[in-house]
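The two complexes that follow have subunit A in common; it is paired with subunit B in the first and with subunit C in the second.
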Partner chain A sequence: MKLLFNFLIFPGFLFSVIVGLMACWVDRKVSARLQWRVGPPWYQNFVDIIKLWGKETIVPEDAKVTFLFAPYIGLLSLVLVATILGRALIWPQSGFSADLIVVFYLLAIPAISLIIGSSSSRNPLASVGASREMKLVLSYELPFILSIIAVIIKSGGAIQLETILNSQSLFKSHIASLSGTLAFAVAIFCAMGKSGLGPFEISEAEQEIMGGTLIEYSGVPLSVFKLNKALMLYVMPVFLTMLFLGKDLSPVFMSLKFVMILVIFILVKNTNPRMRIDQAMRFFWIYMTIPAVLAVALAVFGL
Partner chain B sequence: MSHKVIVPIGPYHPLQEEPEFFQLYVEGEKVVDIDIIIGYNHRGIEKLAESKHFDQVPYLVERICGICSSSHPYAYVLAVEDLFGGEKNVVPERALYIRTIIDELQRIHSHLLWLGLAGHFIGYNTVWMWAWKYREPVLDCFEMVTGNRNNYAMYKVGGVRRDIKDEDIPVLKKTLDELVPALDMFKGAVMDDPVIQARLKKIGVLTRQQVIDWCVVGPTARASGVNIDIRRDEPYGVADRIDWNVIVEKEGDIFAKTVVRIMEMYESVSMIRQSLEKLPRGEIDSNIKDIPPGEGIGRVEAPRGECIHYIKSDGTNRPIRHKIRAPSFMNVASDKVAAVGGTISDATITLAAVDPCYCCTERVTVLEKSTNKKILNGWDLIRLSQEKTQKLKEGLGV
Partner chain C sequence: MFNSLYRHFFKLDALSSFVALGIIVFSALTLVYSLRFMRGHKQLIQYYTYILFSALASILAVLSNNLILLLACWGFLGLTLYLLILMGEEQPAAAATAKKAFVIVGGSDSLMLLGIGILYFLTGTFWMDNIKIPLAGGGAGILPVAAYLCIAVACFAKAGAMPFHSWIPDCAETAPIPVVAFLPASLDKLLGIYLLARVSLHLFVMNQAMNTFLMVVGTFTIIAAVAMAMVQHNLKRLLGYHAVSQVGYMVLGIGTGNPIGIAGGLFHMLNNAVYKSCLFFTAGNVEYRAKTAELDELGGLAKSLPITYISCLVASLSISGVPPFNGFVSKWMIYQGLISSFQSSGSKVQALVSVFCLVVALFGSGLTLASFMKLLHAVFLGQRTNSQTQSSRNEVPLTMWLPCVILAALCVVFGIFAYQVPLKLFIFPAVEGVLFLGTWQAVVSTLLVGAGLILGLWLFNLKGVKPVMRQDTAFIGGEPVDLTEVRVTGTGFYDSVKNFGMLKSIYRKAETGCFDIYEQGKKLFSLSKVFQYLHNGVLPTYLVWMLLGMLGLFFVLAR
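Moving on to the complex of A and B:
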């Protein structure tokens, strides 16, 4: 019963959706202010989602069954991640062994659900989007794993979130070390790639392929994909906070760190044009993987 | 992969605000061929112009395009003044300066508009918003001088309609002074940003020979090392009395096109400053009453390239033929060589890099679908129109 409550209400579905949509609003508002615009009111994202629920769901004639299932798979896995992270933060004893690995796997699923959904719609633009998303997944996963491995080595080989949290104290978090800083920088860009933000919004690219992966979606399934994006904006900063920014668990400091990472995302997003997919792959494989390997090496030597 | 997929850009597409249709034939991400289909926006302006008298036509032709709404009327009045032996024979000094000021202000606002759109097309919305923010003061200047942000209604055969008031000149100068730091910022932001360079360099390349073969005009041609500019080659207004440079780049890629447009804005600022400095006192209109018969051509360097208007007069108060050739008509075709061989991501910015203006370009064509052969010409259209009128008359019982 408690698990169900955790999953559905706090810190799972309801809570993370609300925080995620508010994070989306912060994104839109800060972007707007950077671009000399006014920006939407705080409830804009909620209204957008609710509006989509009232819209007709159009399914392409020869779409596969997976077309409608795909968004929910992504949503389920993200809510699960939000639950695990939230429980590890609030009730540290409740974690299970190797929950870091589980979180890592679950974080890969939303991108896969996007690929499945868009390629079952049989739209040529969606298939271009899906192939781009696939290439993107292949490029950012390696440096992301490496940066997490650096953290694992720094926390003495722990693959449990609780142990990683406990290995950092208030003034001695992982980011304070050389390897931690490197790994954090890499992880920020990989997290942006995962959330499809800014320069890595390659699979959607409305000016090039008209929304790409999402082109055939409408109504409720579209709103679920939008929720996935919003949840990503909640889950990724929280995950990075836990891995790199240390233990201080008071809500005020926690939200400060959360907003800080969010603002880094937004600034990078607004000061860079969208990359081409081949450039993004080169970026991750060379400019991100080498620092990540370096971070792992430094972590081995205890720096 | 040898599997060809058609990626449509258009007829309605978030990329561009006008209806146009590009069919990209792609293999994977690579564009192997492209079909350009335009003609969604035909409004019969040439025919309409033949039913208006000479003083009404400028109002009509400036509505061809909201962005070049100085170039088209300017080219038109030049064409009519060609019947008198040229602009300098009939137009008072002060009007010449005012014409150049308006034309160069228009170039600044058009290039800023393009810069913003180009930023938007490569997913850099911050540049988009900032460029359009700095375009606003220029439009405010237009509103102050002409009463409108667009469609200025400044040109008339033999002069200009409105004077620039003395109290407006300091405001114009102040706006230009404030614009230069903004231009410096854009220059820095574009030229030093490694990601922008990665996105724009060495893509959509038009070589010098291709530019000549495809008759490309304007900044698109100048970015490929072709040194053409109507303002210098066949001066109008006061372009031959003030100091300015034709900006030419060699590379021919989209980065070069961006650089040419940004540097041209500096030249325009300098041209307006000099014109305001030298602005003489006197009449602004020579009150022409009769248009002699004959044929006249007006050529203007619009922000997108050479804009040509041809006028045929038979001595009455209406042109009996008015032909318009907009610069985009020449430039859009060059997408065929520029976009093929690139990726889909590059295709969008390549298509936009010629600063296409479809509503300028559209003249009617009716094609046979299977063979793409022209099946209607001008006389066919007139016949069709007469037949329809006949039918309507019958329907009304006239």
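Moving on to the complex of A and C:
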């Protein structure tokens, strides 16, 4: 019962959605200020979501089931990750947990659901979006795996989240070393790719393929995909904080670190135009993978 | 009398019994599937005979305690494989593939004979119970290593690990689908990996170098085969390359040499047989309805084949290792095996090898996912072709979708109840001392997600919250699009990957058969053309040679 409460209310659904939507607001507000606009009020994202619930849901012909279910599966797996991370942070010995590899795999499900959902819609532009999304997943997955493995090596081969946090609070944060810094820098960009932010907003590309993967979505399912993006903005910074900045995770420091990573996201987003998919592949497979490999090699040699 | 004979020649332990059980289940499903799929084939009696003989020979091979008996059954399986591939519809291609499979599998069998001979020389016995020799040391020099390698090559060729894989994609393309689902996809994997595990765990004492060799072979197989699978344009050929790539995980798991990795490898063998046969069966359903397996000519079949679509979706997610399906659990165990081999590694080089294998295995799973997203898009989702404009429900007959559904259900059950069912019943009795490094509470997690889903559905069905739903066609720029005209087929999905820098030239070489051991072997054997020239079948030529020979002989003798 407590687990269900965790899943639905506190570290899980309600809490993470609220924090995620607030993070989206920070993103919009800062972007607006950078572009000399005023920006929306703090409740704008909540209003947007609630507005979508009142709209008509248009379903394309064929493959209705996967079209409608895909967004929910993505959302629920993200909520599961949020619950796992939250419990590992707050109640480390609580019995329900999962390790790093599981979290890594669960984090891939939103992208899968986006691809399956959008291909179910039969729209050619959605197909283009799905193809791009998959290639983007392939691109960031390689450096992301490497940077996660650098963390595993630095914690002495531990994959339990609690053990990784412990080893950091006993010694020092993983970022406070050469390999840790490299891996963290790589992981930041991979996390941005995962959340589809800024230069990696390739699969949606509103000006180019009209929302791509989301082109046929409307009403409630669209709002769920928007929630997915908001949750990503909560889950990814928390995940990175736990992996690399785990020295002191009291609520105040936790929120500071969270905001810091968020600000890095927003700055990168606002200073870089959207890439083409082949540029993104080159960026991740060459310019990100080389430092990541270096980080892993350094970690093996204990640097 | 029978009992003592049985005791003498056969051995039923935890490892062989679950493999034998798997063989029986997959044979039964294949027979059910064939009832409809093979109807109207010319040689039905032979077909069923060969299938039953293969099942019998596989069970004998798995249960046998005698190396000679094992070798005989193993060789017999090569023969039935040849005969079954020969049943394919497109005749010249099927015959060529059958020959290729027979040459590779049969050639490796002869190596296995050599290996068994060396084993007999070393130990003086054919009973597998009595053999236990260390690979290095013991004064035997290189011989144990040679014996191990010879038998390992036979396992690799049977299961399809690189570089002995090249018969599998060809076979997948030309042989009848039930045959592919039966032999290369399930039985040959079970047998090959069973023997590899038996040899590595019970017959030899492995050392670090040999384990590293297995790990490298596994890793290479994973990445190279999956990279080829990504760019295939034929549904069956694509699945064939995945049948190769998955072997890599099993070899990798066994190569880690620690209990969790070996258990993961064996569990992956079982899981792979489940989802790979399911995928081949669904491919058969698609071919049965659409009369083609070219991805370009397929599309939008989800509506007409809903059951096939859902089974294929489940099996695709399993093979890509998405939680909570079964493929995830076994891959996760293999990763833990790699991490614990990293932890226990003595030297930095050893640690780097483990890390490298881990990275490649994780990334290979991402590539698998990518190629299955392409498959789902190209076959079931996406836009329809002109020739398949009918969109009404048109599912295949019961005996064809039932095996798919059973296997898809197994994927789910083996994934969610992994600890309770397959691991507890089959794997843990066979491998002792399995220690998990991480935790994954599959049942609780699935329950949570399920609860969330049900809660969401209930909320949306409440009065006043229930959204207004409407169905409409796809629009672009405010106008409905003609989906049969504007198609994005799956074949172009990864062109930008294919054209990526260095990969481009590797792909081009692979397409010309540069990495195919059979094609390269053919070049080697082209030396025999000289002898071919001499044997032209013209009597006077032979007489001239005889005369010359006799003259030479007389000259030598009478000198």
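The rule is short, and it goes like this: the second predicted complex is superposed on the first by the 293 of 303 C-alpha atoms of A that agree within 3 Å, B and C clash if a C-alpha of one lies under 4 Å from a C-alpha of the other, contacts with A are read in each partner's own complex, and residues count from 1 in each chain.
Note that a residue touches a chain if its C-beta (ideal position, glycine included) is under 8 Å from a C-beta of that chain, and two chains touch if they have at least 3 such contacts.
This one's a predicted model, so the numbers in the text were calculated from it and none came from an experiment.
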Partner chain in contact with A:W36 - subunit B first, subunit C second, else both or neither: first
First (subunit B), second (subunit C), both or neither touched by A:S203: neither
Contacts of A:M281 with subunit B and subunit C, given as first, second, both or neither: second
Which superposed partner A:Q168 touches (first subunit B, second subunit C, both, neither): neither
Between subunit B and subunit C, more extensive residue contact with subunit A: C
Touching partner for A:T271 - first (subunit B), second (subunit C), both, neither: first
Partner chain in contact with A:T289 - subunit B first, subunit C second, else both or neither: neither
Subunit B versus subunit C as contact partner of A:S131, first or second or both or neither: both
Common interface residues of subunit A - those touching subunit B in one complex and subunit C in the other: 124-125, 127-128, 131, 210, 277-278
Subunit C contact footprint on subunit A (complex, rising order): 3-4, 7-8, 13, 53, 55-64, 66, 72-73, 76-77, 79-80, 83, 96-102, 104-106, 108-109, 112, 115-116, 119-128, 130-131, 134-135, 137-138, 141-142, 145-146, 149, 152-153, 156-160, 210, 215-216, 219-220, 277-278, 281-282, 285, 296-297, 300-301
Subunit A partner contacts - residues on subunit B that touch it in the complex: 5-7, 13-15, 26, 28-29, 119-130, 133, 193, 195-196, 198-199, 343-348
Subunit C - residues contacting subunit A, complex: 300, 302-303, 309, 313, 317, 321-323, 328, 332, 335-336, 339-340, 342-343, 348, 351-352, 355, 358-359, 362-363, 366-367, 369-370, 373-374, 376-377, 380-383, 391, 437-441, 444-445, 448-449, 451-453, 455-456, 460, 465, 467-477, 481, 483, 486-488, 492-494, 496-497, 500-501
Complex interface listing, subunit A residues touching subunit B: 31, 34-37, 124-125, 127-128, 131-132, 199, 201-202, 205-210, 270-279
